[in-house]
């Protein structure tokens, strides 16, 4: 069993014991995920990009960032589980799509968006 | 190598080939992650919770939701990589914290938030 | 002076007194705005749509929702001020665009997205 | 009638003509608002804070940022309308709260968060 499958099973058991299953629709989980992503933003919003690169050096801020990122990850797993999506497979498919879409030479050093895939 | 380590390495190579490393500060990655979480919200915002549970039955909407969730996952991995956070370890720590915080009997069937850990 | 101009001026004075101006770049304000939008999501994430329509009947939850919505509004005003955007004019332009884009008869009762404007 | 009241009335008529009222629960509007805040993030995510301060100098990027900010504002107004919240009054109350909470001398030049109000 992979780490993600293990976490998904543990999250499922955690929710079942608390009878939280009915709350965990994809819609509600997407809101919870975005809410946690918002908490991550709040940790970094007043830092310069350079300061953000050193955020883990501060014990308190570092622990909060790690904790918020864990929340994002846990809701991502729960959402994939609720949707029946294989997260790693979906990520690999997306990597392939991105590799085709963003030609390395054409996009070198540029942050512009690629046109939609035809 | 776990699936997550594999994806992290592939994302690192992908960014390096395009010289995108300087864009990938924790601050910028948190914005990208929250932006993708926002796209996931947009896919589900006008659906009822019940409709959201069946979103994968619609081929087009299902593919979009899967793709947005993959984007969230990929940015979560990149962010953990940029911060030097072990994502699975952070998630396991958070699970333990949640198991201590949300007593199963006390929170059964209730969606209210637990008080902060003392 | 409109209410929005008054609030913008008061926010500017508030930030100036605290020497917070250097934090208030459009990038940082967008993060703060999205963070507050995330807190609003968190208040409503486990409610059904019907329950969310009655959230103001609960004194505590209602006060929190009102407060988060005020935060979103205040950061929206600060962001417009930092960018030199006339918020009301921008909103009126967008209304016109939406009225042209979403033909009333064609979109009646449908939540599907309009194709991009040509 | 203030600009906000005018926009709220026009949004209400726009939704009524398209029979979109049933979609506009506070829960759904919060999702739409956060989704638009996410689009705003996406416009600024790879810019440095300094570049973000000049984003309106670029005609295309500037128009997109203005348009996303308008979307955020329009959903904020719709949400306040759906909740029966007076947006300006709520913002003024929040300003007062912030003025009491963030003592000018104590928070000068500091971006740290104030402790919760007692």
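Going in written order, the chains are labelled A, B, C and D, and every chain counts its residues from 1.
Following the convention adopted for this analysis, a residue touches a chain if its C-beta (ideal position, glycine included) is under 8 Å from a C-beta of that chain, and two chains touch if they have at least 3 such contacts.
On a predicted model such as this, the values are computed, not experimentally measured, just so you know.
A.B. asks: Identify the chain pair with more contacting C-beta pairs: B-C or C-D.
C.D. replies: So, comparing the two chain pairs, more contacts are at C-D.
A.B. asks: Can you compute the centre-to-centre distance for chain C and chain D, using the mean CA position of each chain? Integer Å is fine.
C.D. replies: 2
A.B. asks: Whole-Å distance, chain B centre to chain C centre, using C-alpha means?
C.D. replies: Using C-alpha averages as centres, the distance is 24 Å.
A.B. asks: At least two partner chains per residue is the criterion; list those residues in chain D.
C.D. replies: Chain D, residues with two or more chain partners: 23, 27-28, 30-31, 34, 37-38, 41, 44, 46-49, 111.
A.B. asks: Taking touching chains as linked, do they make an open path (line), a single closed cycle (ring), a hub with spokes (star), an all-linked set (complete), or other?
C.D. replies: Per interface graph, the chains form a complete graph.
A.B. asks: Could you list, by residue number, the parts of chain A that touch chain C in their complex?
C.D. replies: Touch list, chain A to chain C: 23, 28, 31-32, 34-39, 41-42, 44-46.
A.B. asks: So in the complex, the part of chain A that touches chain D is made up of which residues?
C.D. replies: My answer: residues 27, 30-31, 34, 38, 41, 46-49, 111.
A.B. asks: What part of chain D is in contact with chain C in the complex they form?
C.D. replies: Touching chain C: residues 2-4, 7, 10-11, 14, 17-20, 23, 25-28, 30-31, 33-34, 37-38, 40-41, 43-44, 47-50, 52-53, 55-56, 65-67, 69-74, 76-77, 79-80, 82-85, 87-88, 90-95, 97-99, 102, 104, 107-111 of chain D.
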